[in-house]
Amino acid sequence: MITSTGWILITGILVASSCALVGTFLVMRKMSLMGDAISHAVLPGIVIAFLLTASRNTFPMLVGAGFFGLLTVWLTEELSKKGRIFHDASMGIVFTTLFAIGVILISLFTGNIDLDQECVLYGEIAYVPWDLWIWRGVNMGPRPVWILGMVLLVNITFITLMYKELKTYSFSPQMAATLGLPVGLIHYGLMGMVSFTTIASFESVGAILVVALLIVPPATAYLLTDRLHRLLLLAVLLGVLSAVGGYYLALWINSSIAGAIAVVNGLQFTLVFVLSPRYGLLGRWLAGRNISRTDSGMINQPASK
Amino acid sequence: MDILIEFFSLQDPNIRFVLAGTILLGISAGALGCFAILRRRALVGDAVAHSILPGVCLAFIVAGGKDPFMLILGAFVFGLLSMVAMDFISRNSRISPDASIGMVLSVFFGFGVVLLTFIQSTGYIDQSGLDDFLFGQAAALVGEDVLVFGGLSLLILLITILVFKELKMVSFDPSYALSIGYPVKMIEFLLALLMVLTITAGIQAVGVVLMASMLIIPAAAARYWTDSLHIMLIIAAGVGALSGVTGSFISYTAPAMPTGPWMVVSTALIFFLSFLLAPGRGEIARFIQKKKLSQRVACENILKTLYAMEEEDGRFDRVRPWKELRQRRHLTKHRMKRVVSYLLKRQLIEYFPGPPEGYVLTETGRREAKRLVRVHRLWEKYLNQQLQIAEDHVHDDAESMEHLINSEIEAELRKSLGSPELDPHKSKIPYEQESKPKTGGGGS
Amino acid sequence: MYEPEKDTSGVNPGRTGNPPIEVHDLTVAYDQKPVLWDIDFELPEGSLTAIVGPNGAGKSTLVKATMGLIPSSSGYTLIYGKPLDKQRRNVAYVPQRESVDWNFPISVMDVVLMGRYPHLRLFQRPSRTDREIAMQVLREMGMDAYQKRQISQLSGGQQQRVFLARALAQDASIYLMDEPLAGVDAATEEVIFRKLKELRDRNKTVVVVHHDLQSVPENFDRVMLLNLRMIAYGPSKTVFTDDNLQRTYGGRLNILSQMVEESRQQRFVRESDY
């Protein structure tokens, strides 16, 4: 039987993996902050779902939050275009307003009951082993594990099926468009994945720390490799490592597990940022001292001696 | 209604502080936010706001309690640290600025949460501590806070006025500023310092998550109202102040409500209204301008058609049936009516009940029609001759351009083309001296 | 190893005995890949030089590195024999049009006035004389009627003229311009070329990153052929030869091969994937 520690670790690994996968594309497309925006803006969705179904059932929350996630993306684009504002400012306006509405809804309708704002913000993965899914009297294991497992499966499927398209799109949406790829679909598909992943992860790590798992492992991996498939794998590896490391760190100093995971991510990044032989500070210093002459190829010309 | 009066009579000293504090905060954040959004650093403020948490916690641990000075110091140090980190990462690696911001935001905040839970486990503070930090406690503002906010606003005002031209240049074109040897890094650091100060102070009022909106939304709203930077700063400060008032009012009437979110929502409302209603740059104004333009274009086209018909049969006293006019230009009845009334009002055409019912160009109308045709043909000639575009491709471009060419541009065209006689389709270009279209035998 | 063809005939030393601008040993690398390699050149007073080369050859980088706007692995710039930092007032830089947000709430006059800032101290405001100078250069560029206009209302060519006016207002001896003729209408092109030649005739040193090979021989008296390294530089009559152009641009000038080269540099998408 899996111990509660085991369940917690499994949950952490699932969250980290899903986030690393979708996060990689966000980072490549320079849309990292959209992950931050979505994770804040889904708050009203969660509240509304809670109010309508009078329960903390995950499925309606997923729907409500998914809707608001996509709404955020759409509103940001529309506002940026029609309002002639920069994309980042537009994002800031949309998600802070939606978040504010969410908070207002909470205080208007729920007072201070079940919808713990702290919980939403930094989750409590430690409770996972006790959040069991009892189906026809049989203990199926913790509910979040099932949900996260499904999300991970969907993410992997999506990425595998659309790998070539996602690759081109991440490299250059214009090129993808000229090649006839459905850029709009890919974009919203990706954002949808981000929405579901963030919401599914909320319960475990909370809104703000989901952002850490979305951005930091892929960014760290980006300082180690150029090839997309290696990037994805490395990001997942780093994410999983941070989840496990974070758990034990939290155990050691008796703190929030989610926070510890974020800190471990930070440490991983710092290490790689400094020491990466190619793209880290070390690599740059080395390159500065010795630019390889054989590497200097001119445009359209064979490399000269 | 009574509540409003009660509120604005400022009898309750508490209200005075809350009002003053939030207004001053709104002014500072609004003004600084202009620079943030113009330099595309809108979300850096959000990251800084989140990064302050570990600073506050560390200060709490070090000071062994809630020492306000230490807390602010800790917040300030970490705020500044986060800005340095974001900048350093994106400058010294291939990580893009947005990823850099997101990383610092989440990792610093995570670190803060670790410290916070550590503190909580030792029993020092409870849940509400975090609440206040996250969502702000505007209602708890006291005299000291107002002094701080006031001082801050004054400082920002002073600096903005003193180094306005430097701030403007660095925000608009930092590479040019660098090229003439301006201390761009210092100026950017100054802005960063002011931003961290404002955020540190402001978090107490509106909380972490919503601090960013106080920086972004008033500035974005102000942009719609003006095209000049210093006015934008003033309007943004005004909008910020207004949202302070609204927030305070709401927290007064409904004490259970969180002030911060209401400030944000009211600012967002002002933003939306600005987006719609601002003269010139607002949506409604632009819509009206578009409509006016398309009306003018339709009218000018009718004038041209009348002229073309005169050119065809060489007669300029003949009544042109409105049915024919309508068909030539594919206008709906409704559209035609509006065009005709516009032209009649300006006495460019005359109405004849007929039969056939129709219109004739007046002298003024004919002059204007001639000008349009001239400009159209000159433009075709220009496209054909200077830009080497084939004759059969120039007409459509000229159809739209002719409505935008004023007399200044027309003069330049004539000069650079040397007042040509014919257009690419070998039609004559009518200049002012001529009084009749010269196609075959004239009427009269 | 090969030596670039350097024709320094006609490089007469300036009033101080030094050329107005010289750059030595300039190498710029980004992420271990060299973008500029071992660049060396000097230019005479009263010259109009074009920097040409294929996309990605480092032309823009050359200007920015010369101005010290981006870090370089090695190299230095001398202005009349003195280090650049002491002579910045004397060098006017015109950045690429895209480098700036043209929706910024600022008027044409404000942009041009920036050209006077090198003559002002830190807290000083532009004086009436400065404004008059700004109006004068706007008149020379045919933009005086637009002085109060917000820059977003300008066409591409007008924006370019405003940038040029700013550089003129600076009243420098040396002008470094990054693609001032890119995407402008025929009338603006004429105005700008006329102005550049006028500057040369007034003994200024003008260097222009230029994209259109065809207009080089008739407009520029000197040319620099660049492709990571300096292929050749000197008077356009002697240097702008088919042979040199071949060495600069390589065999295939067509767009497709350039695109392939660009994507290969990005290393993400391989040709074989498609």
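First chain written, first letter: the chains are A, B and C, and each begins at residue 1.
The rule is simple: a residue touches a chain if its C-beta (ideal position, glycine included) is under 8 Å from a C-beta of that chain, and two chains touch if they have at least 3 such contacts.
Computed from a predicted model, the values in this text were never measured in an experiment.
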item	value
Two chains sharing the most contacts, counting C-beta pairs only	A-B
From chain A, the most remote chain by mean C-alpha position	C
Chain closest to the middle, measuring from C-alpha centroids that were averaged per chain	B
Distance from the mean Cα position of chain C to that of chain B, given in whole angstrom	32
Inter-chain centre distance, chain A versus chain C - centres from mean C-alpha coordinates, in Å	43
Overlap residues in chain C, where contacts from two or more other chains coincide	31
Shared interface positions of chain A, touching two or more other chains	279, 284
Shared interface positions of chain B, touching two or more other chains	40, 94, 223
Residues of chain B touching chain C in the complex	38, 40, 94, 162-163, 165-166, 168-169, 171-173, 175-176, 178-182, 223, 226-229, 232, 386-387, 408, 412, 416
Residue ranges of chain A touching chain B (in the complex, touch as defined)	27, 30-33, 35-36, 40, 82-83, 85-86, 88-89, 91-93, 96-97, 99-101, 103-104, 107-108, 117-118, 121-122, 208-209, 211-212, 214-216, 219, 222-223, 250, 253-256, 258-263, 265-266, 269, 273, 279-281, 284
Touching residues (chain side chain C, partner chain B) in the complex	31, 64, 67-69, 85, 88-89, 91, 93, 95, 99-101, 104-107, 110-111, 114, 117-118, 122-123, 125-126, 145, 150, 152, 166, 170, 186-187
Residues of chain B defined as touching chain A within the complex	37, 40, 42-43, 46, 50, 89, 92-96, 98-99, 101-103, 105-118, 121, 127, 130-131, 134-135, 209-210, 212-213, 216-217, 219-220, 223, 256-258, 260-262, 264-265, 268, 271, 275, 283
